[in-house]
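Each in structure tokens, the structures are laid out below.
You will see chain A twice below: alongside chain B first, and alongside chain C after that.
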Partner chain A sequence: MSIWRRVGCVVLLLVVGVSLAASWLAPAGYAKQYRESPGAPPSREHWLGTDEIGRDRFARVVYGTRISLLLAPAAALVSTLMAAFMGGLAGYLGGTWERLAMAATDVFLSLPWLFLLITVRALLPLNVSPILSVLVTFCMLGLLGWTAAARVLCATAGSLRSADFIRQARASGMSERRLFWIHVFPNLKPVLFAQFWISIPTFILSEANLGILGLGVAEPMPSWGGLLKELEGLVSLREEPWKFVPLLLLVVVVTSFQVMLSDQQEVNA
Partner chain B sequence: MKRLAAVSNSTRALGLGLIFLVTVASAQNGGTLRFCLRTEPKTFDPLKVEDEASVTIRYLTGGVLVRMNRQTQALEPELAVSWKVSKDTKQITFKLRTGLSFSDGTPFSAEDVAYTVQRLMDPELHSPTGDAFRSGPGSVQTKIVSPAEIIITFPAPVAGLDRQFDQVAIVSAHSPKKETAVLGPFTVAEYKPGASVLLKRNPYYWKADAKGQKLPYLDSIQLDIQPNRDIELLRFRKGEIDLINSLDSDNFDKLAGSTPQLVHDAGPSLDSEQLWFNQVARAPLPPYKKAWFRSTVFRRAVSEAINRADLSRVVFRGHAQPAAGPFSPANKFWFNANLKPQPYAPDAALKALAAEGFLMQGGKLKDKEGNEVVFSLVTNSGSKPRERMATMIQEDLEKIGMKVNVVTLDFPSLIERITQTFDYEAILLGLTNVGLDPNEEMNVWLSSSENHQWNPQQKSPETEWEAEIDRLMRAQASSSDPKKRKESFDRVQQIVAEQAPFIFLVNKNALSAVSPSVHGANPVVLVPQTYWNAEQLSLK
Partner chain C sequence: MPPARSESLKARPLLRVIEMILRKIARHTAMLAATVLLGGFLSATLVRFAPGFDVDESQLDPHLSAESVRAIRGSRLSQSNVARFYIQLLRRAIHGDLGTSISLGQPVTSLLRERIPLTMRLVAFGLLFSWSLAMALALSAAYIRTLAYDGLATVVSGALLCIPAAVLALLSVIWNVPGSLAIGLIVFPRVYRFARNLLAKASTLPHIITARAKGVSEIRVLLWHVVPVAGPELLALGGVSVSIAVGAAIPVEALCGLAGVGQLAWQAALARDLPLLTTITVLVTLVTLLANSGADVIRCMWRGQQA
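Showing the complex of A and B:
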């Protein structure tokens, strides 16, 4: 493991640890409004100050981190499983299955992602509780974000299909199901893991984009997207630098994921 | 000698200084005032104007018969020297100024007024300005008594008839340039779509100041099209623009922090922010929710449980006042001074709800059938103040056991739900009032109207209080007696406060910023706040 991968791991573990300790670190919660001190600068009571309606920014950052870091992997799992099903199976079976699956993938890839998410979000029932809105947002991301991974998996499964060791196993009379689980799936696993890890930062950023547009996690639940909305209209770094903490955290976490991934790819190569 | 030379030099310097001062003093004439339009103007035809940018251009270029002074709110003569409204408010007689010309030199006469009015009322033109005059079927009659006198007769009474002419810019009947020939202080000289509109001084403008100097003082006005308010603020800070007509409270405070002398808070504006519940009978909502929303006790309890003082102080940083009703104190004549903003009283709200059969159980409010009180509150995405207000209301109502789910939607989706599908529970939006006369709000208060938001297009009023509002609004519209009209509209405001179909929250203050280089600016609460006296503005 390279030094950079270790650093990435430590940073991610640290961030996850802090976010899991949110209720201990910020016992008053993320929704409490200190209306006597809206927009306050950092102080002993509020380490990162308060937002425009007096909510403790530190509490919102740690709770928001917890939401983003727990649900982005969940969405990544959903999308990877869908990609495995669509791409892996199509690649392995080949022929008409492959053509149909890849046509569906092409259609999904050609859709304007952000507009599709906005439309789907607007079509959902209005009376959705904040917790449900979190699940809905990440489910949507998971269900719509499988396409790129499906292509990769289809190509990998396709090359396996015509590999010598698979032909040999088939010629020796191994059943297709056994062949898939014994030979194909283990060879797809590294690609599946890679796609899973790649999807996490993508979904974190997608949620942040949706949050900025007001279509992500509903108030008063915090998320990185919602927290980044505070930066709208900020014209100078010097003005209120503590408002940049969520952005900094997002960059650090996404970079850590990328560092780990690139290192993994080097190992695989 | 050296000393003498020094004296001589300082004398010369003093002389140069005096010349410079004189130059500055006489520089009242000239210069280009720069500010921003937030959107592209949709039209330069003053009779088709609907959007804010076009209204701005109409205000600066159009000549009107009468003008409401934005500071005193009194009606003042412009192209008309005098006017008389008939008792039945169907007819108005204008005596006009003589010897005036349009910006292309075409002479002005009663023929132009007749042409403008006929065009304004032409159903084919679909003039939004003309809508205010259409109070009944039939066509408008114009009688030119002389080149300087005209009688205009409408088919039905028009409330506040003379004040409506503040919005009617006279167009020329004979000029080949048609609507681009104007009678106002400026004329459109150049339009770069997506970039800017340049207005230049109208060489034929008729007004002069007390010293006889021709108005306007400015040579031109450069209107840059800039939808982003933060960039507008940056440009103002850099000195690239001279004024910001309507600042939000965040930017106001940012600017006030560094340069307090540049910002102006003129007090409560005509604009209001309000919340309403869906009372449409055919709305796709469960019957028990419809019953809550149609209950006056429920609506009033919600109103009592909202802390308006906190909304004003926190969301608008103190640049707003708790609202009492549909009109703010900025509307000096029509505001019902007997109405006071609803005080924050969550305990009283709970008591009233308990009397209606609602019960608090484990921190949750339930109706008499055991349904938990949960509803969604929708507002438009992108409006930070409304999103903040909705979140604060969410916490306020949680204290009386109501669970509110805050939803933000893009504006077209929101409007579709309000006007087409009626698929919503509660809405938080604002009303921008431009006019002062309640007649301009007929489309909101009449139960048959499309814009009667909480329950539009009723065939006949579904409640007694809505029937009474209909009757009072029609009574005030058909009366020429201001006192009687005021009595009727005071009662309308009282009914609205009692029944709470709209829960009025706050009136935002009129906030603006003016560079010290602009001389003669006196920001007011009425639109256009900063340049209402544009002809008298000059650059130092």
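Showing the complex of A and C:
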């Protein structure tokens, strides 16, 4: 493990640890309003100041990190499973199944990712409860993010279908189901694993984009996207630099993921 | 006889290349038409089954009479059958009529005519900026071949890759820079990373190592040997980058207050404007597929020429 990968791992563990300890670290809940000090600058009581309705920004950042960091992997898991089902099965079965699955994938891929996300999210109810909005946002990311991974898995499963050891197993009378679970699926695991890790930073960034556009997690539930929406009213960077802390945290976390992934890719190569 | 035979030998690969290109174009056109139609239908279906489709805020207007409210409900009901709505939309589209926007109350054709030039300008300048910067950095990294320079370029592109597109749009508002620059900065890291990897991979090919060993100048190796090898893949990247730029236009136009198609798509999505959203989806799908198909055909021609 290279030094950069170690640094990435440590940073991620630290951020996840801090976000999990939100209840102890934050002075109060993410929704508690300090009505006497709305829009306050950083102080001993409020490390990152308060937002325009008096909520402690540090508490919101820590709780928002927890939501983004716990649900992005969940969405990545959903998308990877869908990709495995659609791509893996289509590649393994081949023929009409493969053509149909790839046609469906092409339709999804022909629309830019952000356009597709915005369209679908805007079509879902906007006045749902905060918890439901979190689930809707990340479920949607998971359900729409499977296409690129499905293509990779289809190609991998397709090459496995014609591999010598599979032909040999088939010739020896092994059932198709057993063949898939015993021989094909274990060989798809490294690709699935890589796709899972690649999806996490993509989903974190997508949620941030949706949040800034007002289509992410609903208030008062915090998320990185919702916290970054505060940047909308800024006139200069020097005005209230503490508002950039969520952005800094997001960049650090996504960079850590990228470092880990690039290192993983080098190892695989 | 011998000259005729040699001519037929020469003509055969050319004919084969033309035949291959024509076949590819025909296949692409059929696929393109099918995908665009399917994309439009998918969008229409999604909007139709979205919660609140039957509700129109204009129905709550106290100034409207009961008859007007009934008429609004009736117009919404006429769109309740997705298949019928979509077939009607296509039939009208053939005659140049794309329907009327529900939320803006204007013909979709005129809305698009007003807004397409701005989006095209933004996307074109954004692509020009991102490709110029990415290729300048990737080519110079391949030419200089030092770890420090390569590392610096990778860090810059990596940092931009970690910033959400919408944040770059907001920063462009804060710094008062054009929206096209924001689109360029969103596209740049993706183009740079791919171009850099392609050039680096091409540099390790045996014939390029041989050329270098024979003392061919570095710039000649790069332009005569490395770039032609990476060229077809770079063309494919060109097609993909159009799709990224069109996608990036949505947050940039929505957050920078630019009245382009991206902002229109955003407004249409929020207002559940079925005719407008379906037309924009078809348009975006068409642009994306045309860019990819164009890149694919040129790539095919390039490869044919190389062969």
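The criterion applied here is as follows: the second predicted complex is superposed on the first by the 257 of 269 C-alpha atoms of A that agree within 3 Å, B and C clash if a C-alpha of one lies under 4 Å from a C-alpha of the other, contacts with A are read in each partner's own complex, and residues count from 1 in each chain.
Definition applied: a residue touches a chain if its C-beta (ideal position, glycine included) is under 8 Å from a C-beta of that chain, and two chains touch if they have at least 3 such contacts.
Note that the coordinates shown come from a computational prediction; the quantities given were computed from them, not determined experimentally.
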Larger residue footprint on chain A, choosing between chain B and chain C, goes to C
Practice task
Would you sort A:I118 into first (chain B), second (chain C), both or neither based on which partner it touches?
Solution key: both
State whether A:S159 touches chain B only (first), chain C only (second), both chains, or neither. neither
Exercise for the section: Look at A:I53 in the shared chain and tell me whether it touches chain B only, chain C only, both, or neither; answer first, second, both or neither. Expected result: first
Would you check which partner chain A:Q168 touches, where first means chain B only, second means chain C only, and both and neither mean what they say? neither
Worksheet item: Looking at the overlay, does A:P130 come into contact with chain B only (first), chain C only (second), both, or neither?
Response: first
**OP:** Classify the contacts of A:R35 with the two partner chains as first (chain B alone), second (chain C alone), both, or neither.
**Re:** first
Dual-contact residues of chain A, meaning touching chain B and chain C, are 118, 122, 213, 232, 235
Residue set of chain A touching chain B in the complex reads 31, 33, 35, 38, 52-54, 118, 122, 126-130, 133, 213-215, 218-220, 229, 232-233, 235
Seen from chain B, its contact residues with chain A in the complex are 229-230, 233-234, 250-251, 310, 313-315, 317, 374-376, 378, 381-382, 384, 387-388, 390-392, 394-395, 403, 405-410, 413, 423-425
So, in the complex, the side of chain C touching chain A is made of residues 31, 34-36, 38-39, 42-43, 46-47, 50-52, 158-159, 161-167, 170-171, 174, 243-244, 246-248, 250-251, 254-255, 265-266, 269-270, 272, 277, 281, 284-285, 288-289, 292
Touching chain C in the complex, chain A uses residues 103, 106-107, 110-115, 118-120, 122-125, 201, 205, 208-209, 212-213, 225, 228, 231-232, 234-237, 247, 250-251, 254-255, 258
